[in-house]
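Each of the two complexes below includes subunit A, the first together with subunit B, the second together with subunit C.
Coming up: the complex of A and B.
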């Protein structure tokens, strides 16, 4: 009898053991823990506090509605100071010590590239890395199958801008000012593709990150005769380039990649920045796009300070929407594999801000188009629908 | 050919203005080094703090007066200068005096810590977003032949020259200046000669905070945006100080201008006409620096120090 009971107990335990899977990192019955690595004290710290705050706004909304499949979303943020080595340390901490379910919104190209081996080794997905480098969706790189990109890449953006320029002016002479780092390399890749495809030749002028003087580059573009100039900088560079051009009596049509899509460009450049066209990979936060309307409503409801509101905060908000959609699709018992599979079912999914997103096991780029935004009378005005 | 010369002239003017900013930071390095033989790695951050303080004064006055007038800029400048003097004095109290007998590494480490702390404090007070500085110079330019010069650049060059001349005069012609040099060479002997060594050292901290503040006020409108990373420019001014000869006031300005001009013309006209320069743009400054140091290890205007045994 005793043996029989014992056997039954053992059998029962075995059944329970079979039914209950090994615990999934970061997932409990009530909570999903995700990790985020930002630059909180380095050169990009302007965004470090604002991006996660935007995401938290959306998580708060979802959590108050009952969470994802009954689980509350909790996010931990680490600091990498825009330093790849520190990014690796932070990712290691989040994955191994904090046991997060997935990483989200890690900012910077070089930093995301640096944590690829860790992602691959632990099988941790990275959703919506906050960089527009096209390398993010390169499936041939380590952990390519685990990274889901939401932003249209710089290479693609450059292609779109060149096409747009040639459509306006078939005889355009195109110039390009680019930052001499991984960002610029991705832009150059796009420029080379565009040159091969269209047969135009682009005059390329480099600058070092942190450059404060562009007299040389602008002078060279004048000599080269460029009448359409693409600036692949961040905020300071387009301002200084356009002001220098104005000073030197040079007035081509200026364009910029998505990091230049910042309202301060128009503010600081003043008359020199009038007409500047920037590419953006999402609708503007103050537009009528559904996600933007929802965003402003939630900002009001939760009394978000005005200083936070704007494109970066909104970006945090809309990338959180993509993550939440992925978590929904990962099902009631989410695993990292199910998250990947879930995201790969997105088919022309409309986030209300990004272009329609489509992922598959062969494509993790998600989007391929941008809108163009022009400064008119000092105000950013959307001048196109999605162009690709 | 005229293309080449015009380009070089145009870029040289911009390069000189940029170089004068380097020179003002280098001058700050030099002042402190001259009196204490310590390198103040927070010099760039002192400049950043000065720019922020001036921004604060200008925006406060503009918001109460409504319009940015020339008077507002002048009052803000005076306010910033008074702040710089007080700030330099405080730094003397918290860094210089307590560490006066400490090994040189401790002092250098203290200045590095100071730079990090200043960046953090400014970011805490002013917020992480960069600010839009208002300047009295606008975007006005003057034309000389085919060369365009902005009024702001002329102001930068003028201010740098005036400050360098003033300090040159101070160090070589005034009692306090000579006392400073004596303090640098042999503090104990200087003290025995009746020189108030502590006060002399305090004075150079005040001076270098002043120079840094003026550099910050002039640089901010040139950058168009004001953020705490401005202090990193101090690291670019360091080679300028070495090139000119560390501790030499004339050397600081010559070193600054040489580096500023090389930077702009190499990435500009020279890259346009000579493809190979384009390839070595980011190292050209360092090549020049090493070449100069090979010939003159103490820099262009440095004085070789000989110690008699």
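Coming up: the complex of A and C.
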């Protein structure tokens, strides 16, 4: 008797097990699970908590509205400490153990590059990697068809900046200060393209990641006579470069790639940073763009602490919008393939913050334009529309 | 001389090897996410090979190295370039790449003839930075800081692709590394190493050629690390300079210290302990803590890790292997244990 009951129970459990088994990883009738890998305790930990918080803000809004096709969005965040090896471990955990539907917003270039083989092997899409490296949208690389880039690449940004400079001043002598790593290499690629296209020659000065002294580079630029200088740094570098130039009595027009587009640059550089022009791949969080208005409303509604609000939090918010749009387009029964197909139907789609996004099976770059933001009287002011 | 080997109790080794080869099947049976666990074990396996080499250098010879990630990088990059760009078969690269890493070991062995202790640590650390810069500046082959894609290993016409295959490849060599490491430790060379560690003057007086043996220690250690590097490159399929930062070198030293120096087994235990702790237990513990405290992932991960290290080194200065030896002796002389010795 007991054996029979036991067998029945086991059989019953087996059937339940079969019935419950989700055909698509990470998707149940009520929930979509996505994975996010951030730098929470490494060199970029300031961004690590802020980016997903911005995304959570939008997910919360969507979830309270009833979710995507009736499914709530749930996001798991892992830490990679900006180490590619750890990023692979984290991605493996999310994909194999937690069974996420897709990856989202993984930060860093080398970390995203490192998880490419894993994405290709498991067929997991990665939406909106949080890096502006143009290599992300290279379809010839492994998993290129699974990665959807939202930001305008550094190479493209450099091209746009050079064009902008030449439009202002046809006889411009252009200098470039770049970080000697993967970021800088992508900038150099853009600079080389611009040189080929326009015929100007750009004076290039490298610095090591983490450098705090730029006297040598600025001195060389003075010797070379550059009167327009592009700084491909993050936040600290443009501040120090501009202050050093001021001390050395050198006053070219300074430009910066998107990572320098932080309000702290204007604040810390003071008078030396006046007139600094930075490229940005999205509207400012405090602008009148529709997504920015919605963002500020939601921040108020959900009582987001003021310390969080800003460019990076907003970036998390708008990339979440892209993901949600993709999930909407993936249909009522989403699969990873349908998500890819859904995103590839985006055609000049207006997120309200990014330039119009277009994806196709031959193009995963999404956007190719930037706005230019200039520091005027210590305040960042948008001076152009989308330029490409 | 023969007695030395006979004294050691070896009957459990075939059992252990059998277990290692059965483990993937057990994992597959036990959990549907076995691929993830296999992946973590694969990392541990690669690091075991390196840790054995580091134990021979730091544990046996007493020469500290804070730049071992650099040897790993040399092995990895050399193999990636040889196989993918020069078209050499993986088998050849498996022999040549470690040798090149070993030659770099000889180079760094030169300054080690004159400096010891903390200064050697600093020198090797500097070596780590130099290698990183070298990789970035050899753009033509290494793609600079952008990183390098690496092909899968091909052995006897069979392409090794999955985590499952990688596991067997890596652990075959890991077992081999442990056996070879253990043999070196017990050979004339190993005894010379230990003599140098305990007293350089005494060693020299007994006819040990200091320069020769110190450089040999660096060479062997580089060889092991280079070997680990080859496996690392071809099983992770992507390498960049960010992989081989200084923290990794410090982790390696911690692995050897936590396991217990100059026993080889200690290095294995320490590596397993650290890798599993870092990748499995700490995240799990942290998830558990999330249930009670409102924290974000990453907030306390380093804290927990540091705390465990801290307590471990205070209470078990001889490492995991030392702990095991103590337990063994405790039971052997039970119930006649002298008090206070086994606390």
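Keep this in mind: the second predicted complex is superposed on the first by the 366 of 388 C-alpha atoms of A that agree within 3 Å, B and C clash if a C-alpha of one lies under 4 Å from a C-alpha of the other, contacts with A are read in each partner's own complex, and residues count from 1 in each chain.
What we mean here is this: a contact is a pair of C-beta atoms (placed from the backbone, for glycine too) under 8 Å apart; a residue touches a chain by one contact, two chains touch by 3 or more.
Here the structure is a predicted model, which means the values were calculated and not measured.
With subunit A as the common reference, the superposed partners subunit B and subunit C fit together side by side.
Looking at the shared chain after the overlay, A:223 reaches subunit B, while subunit C stays out of its contact range. Legend: residue contacts after superposition of the two complexes on their common chain; A:110 is shown touching subunit C, with no touch to subunit B. When the two structures are aligned on the shared chain, A:171 is found in touch with neither subunit B nor subunit C. In the superposition on chain A, contact of A:41 is made with both subunit B and subunit C. In the superposed model, A:140 makes contact with neither subunit B nor subunit C. Using the contact criterion defined above for the overlaid structures, shared-chain residue A:49 touches subunit B and also reaches subunit C. By the document's definition of touching, of the two partners only subunit C reaches A:79; subunit B does not. With both structures placed on the common chain, the touch criterion links A:268 to subunit B but leaves subunit C unconnected.
The gap separating subunit B from subunit C at its narrowest, counted between C-alpha atoms of the superposed chains, is 5 angstrom.
According to the touch criterion, the shared surface of subunit A, contacted by subunit B in one complex and subunit C in the other, consists of residues 41, 45, 48-49, 180. Subunit B meets subunit A in the complex at residues 3, 7, 10-11, 13-15, 18, 120, 123, 127-130, 132, 139, 141, 148, 150, 219, 222-225, 227, 229, 232-233, 260, 263-269, 271-272, 278, 281-282.
Residues of subunit A that touch subunit C in their complex: 38, 40-41, 45, 48-49, 77-79, 81-85, 88-89, 92-93, 96-97, 99, 109-111, 113-114, 116-117, 135, 141-142, 180-182, 184-186. Those residues of subunit C that touch subunit A in the shared complex are 33, 35-36, 39-40, 43, 136, 144-147, 149, 236-238, 240-243, 245, 247-248, 279, 283, 296-299, 301-302. Those residues of subunit A lying in contact with subunit B across their complex are 41, 43, 45-46, 48-50, 180, 205-208, 210, 212-213, 215-217, 219-220, 223-224, 235-236, 239-240, 243, 246-249, 264, 267-272, 307.
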